[in-house]
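The structures come next, written out as structure tokens.
Here come two complexes built around chain A, the first alongside chain B, the second alongside chain C.
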Partner chain A sequence: MKKLIILFTLLNICSFASYAIAKPISVIVNAENSTESLTKKQLIDLYMGRFVAFPDNQTAQPLDTLTPEDLRALFYKRLVNMQLSRVNAYWSRVRFTGRASPPEQHQNEQTVLDFITNNPNAIGYVFSESLTQENKRGVKVIMELYE
Partner chain B sequence: MLNFSYNFFSDLIIYSVKYKMLRLLYALMLCLSFNCLSAERATFSGFGNFGVVHSNSDIYGFRTDISQDNSNFDNSLDFKAISSLGIQANISLKKNFDFVAQAIYRGQDELTLNNSLSLGFLRYKPTPSWEVRVGRTQLDLYLLTEYRDIGFAYPWAKIPTEVYGLLPYRSLDGADFTYFKSYDDLYYRFKLFAGQTSSYVALDLNNAELKIGDVIGGSFELSSFNWTISLKHTQAKTKNNISSIPVIIGGLQQIPEMIWPEKNTFINDFSLLNKKSYFSSAGLRYDIGPITLSTELAHLRSDSTVVPTVKSGYVSTVYNFDKVQLFYSYAATESKPNEFNNAVEISRLLPNQVEEVIQAVNESFRVFSPNQQTHSLGVRYDLKDNLALKLQLDSSNVDAQGGALWSFQGMNTQAPQESFRTLFFSVSFTF
Partner chain C sequence: MNKSGLLLRLAISISFAAVFVGFISSQVFFKLAYQHNQDKTQENIEQLYDVVAPTANIAAYLGDQELAREVINGLKNSQSIIAASFESELFSLHSDNFLAEHEKQTEFIVTSPFSSSEKLGKVIVQHNLAYIEKDSKDAASFLSNSLLVQAFVVTIIAIFIAFYFITKPILIIARSLHSLNPGTARRLKKPTFHDKSELGNLVEDINLLLEKAEEQLSQERMLRSEIEVLEKRFRLLFENSVAPIILMEPRGNILLTNKAFKSLLERIEQPIKKNYGPILSELFETPELLTRSVNSAFLNDEIAIGEHRLKFKEEDKTIWLQVVVSSIVTDDLKSYYQITLNDVSKKRDELDKLSRRADYDALTNMTNRHAAEKKIDQFIKEKTPFIFVLMDLNGFKQVNDIYGHDAGDEVLIFVANQLKQLTPSESIACRWGGDEFVLVLKDMSKRDFEALAEQLTTRIVKPYTLITHQANVRVGLCMGAAIYPYDSSHKPELIHLADKAMYAIKPESKQKGGRTLAFASPIESKEHKYD
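Coming up: the complex of A and B.
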């Protein structure tokens, strides 16, 4: 019986973990932004400070979302297949040589949504499940990142 | 609010190239203080590297480059060689301008604004495709020169000394222009820069300032998702002789032209004054699954015979786990110092008068002439997203008379061959 309980608990943990990993992430911009979609390479250019502009050559303002805790790590893992420490190492090369500044950090998904709603050039990311009819009124999804 | 005109911008460029860095900074700060540009957002960040080095050599002491003191060492722990601490301010301004300032402490004996300011520039970026920076920027000579003091930026405990040890310069007072292009799967970056700089070179008994001016350089970077190719070339004129050379030239001038007809040509070639140096490098970085390969070849030559042609390079492979990086590198540098061809003949005719001068010439020919090879093995562990521990073991072989990159007490011409090990441990972080 004890073994069964342990097995059941382990299965639960595994299924929860895989659910967390599989959660899609929506890349969002202001509803008025003319960008309808981005390729993964364009998103990498934007978020790694290489070419920080939308396809119509308008300067972009990328945002990072600090909470939920796993969102930022999952976003970069899916985008460039790197742990956050390696992303930070990359940014220390770019930032401290004065080439570019890293994405502006926002505390949570709601502040990211609010900022993008009020700034036509901003781009950010949230868990897709966090978008509701109400909070996604001023934004639009241009890309989804999956595992 | 003043309108930024073409004249203002060109004045800044002229300032940066013609005048001292501090005057330019003063002009920039004055401009900011008069609110001709109002700050929209300011962010502050920093980096640090606390490291310790131990070598089992009794002859050669580790130093990251030839600007670090050539001082006595007692085979104990060195806490200074790879340690640094920096802070940076990024100030976003209106009208496509921003200002970046960075100060760094890396063991300077005396901290001054000039030797601690590593960045201090005003950037104008009207479109995502190009930008101009005016002020103090980092000197972009080889692949890693711009971030050589930022330990968190690379997996090793220190960058390969064989390639970077001969470069004492950190920053450039001047201007640069960069053009970016993203096309299909490729990303291009072209950069042109010009300016001047100076640094100290640690000699046996003293530290000598060596200024370079008329610096003109370019770099080209082509990258895709998992690889980057980088090509760089810079040329610069040495603006002064290091302290011992005028004394040696004075001694050489005493030798009668009758017994040494090539004297004037030799002295002209020997002097560093207004001689051009040429720095070239080609680098490649390639990610194959969890493995990152990086390699760089560098070439340095000068119109002065004091600086020989130096070929150097490294190849490094890093295996990336989640929080751990294991690495192995091999680096080598090779140079052939010039020879005083007429020395035997002259010393036969004037044995007592010229012995010391000839010795000093031969010594000078070896100040910038390294010959060594190093195997490195190490590990980086990311304790947190912005905190890493690094351990690295180097096994180096220094050829006879080839220890220019090390702290060495004695005559370069009598420096022995030695194989030894150096252990590095560091804590690197950003904030």
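Coming up: the complex of A and C.
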């Protein structure tokens, strides 16, 4: 019985640890954007350049966030289950024909938040924990990506 | 090179086998290579598609025709692929030579790059069968060519080996065997390196055979020489036989004759023929008798022997032949007649002479006493009347004494001739013995006899010139006669009476002009007892 209790405790610790690493990522749009939610497929099509538009056919401008460092990697990992190198390779292939272009790259979460606040067509992502009462005033979270 | 020589045969056989094996194996190899190439092509294409799959997925995902064309071109660059098509929800592309129907094609499912379960289209790749076939053919022909080269090399090596290890030694053996005469002491030599090989054994066997042949030949030679000697002797015997010998078939075809037979034919002036009828019957006077006697002898399993007269005569002399016929049956059941002829004419003559001698006197060639007595018996038996005359010469003893027996014989012959000449044909003149003669005069009257007696006396008493001595001699005679059946009907009595009468007159007859004939007196005879 004692052993069993120890095992359960260990399991709990593990799950807690992973949870701690897997910080949720929030997909955000301009607060005035009519889109309330997106399916994962719709988000993939948007970010991978297939249909660069919201469900209401409003043009969308996806944004990449370069810092914090692991944000982008985690985002693509959770979105299409790909390493960044592969995502880059994908874009290098697509860019060759010029038919689609990769998301616009922004330096950090704050600039992304600012850009979306000022741009109703933009769509971006930040760690959910980075959102504060102040900085999420001009945006709305339409999706959260977990591990 | 010999058309049916071992080497050529070997070369042809190996070449044929090589070509055959090459053909079959290239066929099989082509099939295998084709299958293999197809499998390999399939694999290649799959590998190739793996390379272009991400691009294809992206192209389908984004509906990017440029990218899709890239994919098709990339695929088409491979030799294994002749055409390709790309169909997706947004577009449909295919290369120029894409066929609606193709024997061999592979379909790949194009999915989303981000979700492998999401099907976005398909890529169809058509295999380059011509290339696969050509490739397979090239591989197969390479194989068959190399097999051909190998076969050629193997053939050359095989011929070389066969020539040096088999054909050449065989040729050497054959050549020495060819020049070798069986029966000689020469033997074959084993070829080098073949002491213990099959060829060596062959040579040993041949030598063994040669040895046997030599033995047999020498034996045969000895036998043959013996036979030759024997044959020569037989030939000598046969050819020089005095008796004609003939070998013939039962039907009369002559197979073999000797010189004697030919000379017999010459003697009777007959042509030489192949057939004179069965058992030479044409030559004989009584052919039926001949054949009958021969057949009956053969029926009794005997050798037929008989004496037969030839139809033809030699200088009017009859030729008697003893004919000996024996039947010969050979081992192969063929029947032949062997006929031997013996000239028995001489024997016959001698026999005749012998029977003559029994009845005739050798010196005077007149009937002798024995024959005369037989004749008298016959006359008496037939009751034929005759006069029995007994005659004795006077002075014969003196001639014999003075001039010898030759002269005596001459006188006797002279007297006999006179008697023979004057005696009638049915009557008999006979030398009774010594200088005594007898006349048996058949059916003659007393008077006729007296005339005859006178005539006889005249002839005999006249001087006679001895040829041997050139001298004249003179003999006298006296005769005593008895008449049958008048004087007596018994022969001894008749002789006795005549004898008595002759001795009664003898003294008178010796005188010149005296009577020389006296008749028997019956009365006297009756008184006299004779034996």
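Heads up, the rule we're going with is that the second predicted complex is superposed on the first by the 126 of 147 C-alpha atoms of A that agree within 3 Å, B and C clash if a C-alpha of one lies under 4 Å from a C-alpha of the other, contacts with A are read in each partner's own complex, and residues count from 1 in each chain.
Assume a residue touches a chain if its C-beta (ideal position, glycine included) is under 8 Å from a C-beta of that chain, and two chains touch if they have at least 3 such contacts.
Model, not experiment: these values are computed from the prediction.
J.: So, does A:97 touch the first partner chain B, the second partner chain C, both, or neither?
T.: both
J.: Using the touch definition from the top, say if A:52 reaches chain B (first), chain C (second), both or neither.
T.: Touch partner of A:52: chain B, not chain C.
J.: Using the superposition on chain A described above, determine whether A:83 touches chain B (first), chain C (second), both, or neither.
T.: First partner only.
J.: Touch test for A:44: chain B only (first), chain C only (second), both, or neither?
T.: After superposing on A, A:44 lies in contact with both chain B and chain C.
J.: Return first, second, both or neither, reflecting whether A:137 touches chain B, chain C, both chains, or no partner chain.
T.: Neither partner.
J.: With both structures superposed, pick whichever of chain B and chain C touches the larger number of chain A residues.
T.: Result: the larger residue contact count on chain A belongs to B.
J.: Common interface residues of chain A with chain B and chain C?
T.: Common to the two interfaces on chain A: residues 41, 44, 50, 93, 96-97.
J.: Under the definition above, what is the set of chain C residues touching chain A in their complex?
T.: By the definition above, chain C touches chain A via 54-55, 58, 61-64, 66-67, 113-115.
J.: Touching residues of chain B toward chain A in the complex: what are they?
T.: Counting only chain B, the residues touching chain A are 43, 45, 47, 86, 88, 90, 100, 102, 119, 121, 123, 127-129, 133, 137-138, 146-147, 150, 152-155, 180-182, 185, 187, 189, 223, 225, 320, 322-323, 382, 384-386, 388, 430.
J.: Quick check on the complex: what are the chain A residues that touch chain C?
T.: 41, 44, 48-50, 79-82, 90, 93-94, 96-97, 99-100
J.: With touch defined as at the start, can you tell me which chain A residues reach chain B in the complex?
T.: 41-42, 44-45, 50-53, 57, 59-60, 83-86, 88-89, 92-93, 95-98, 101
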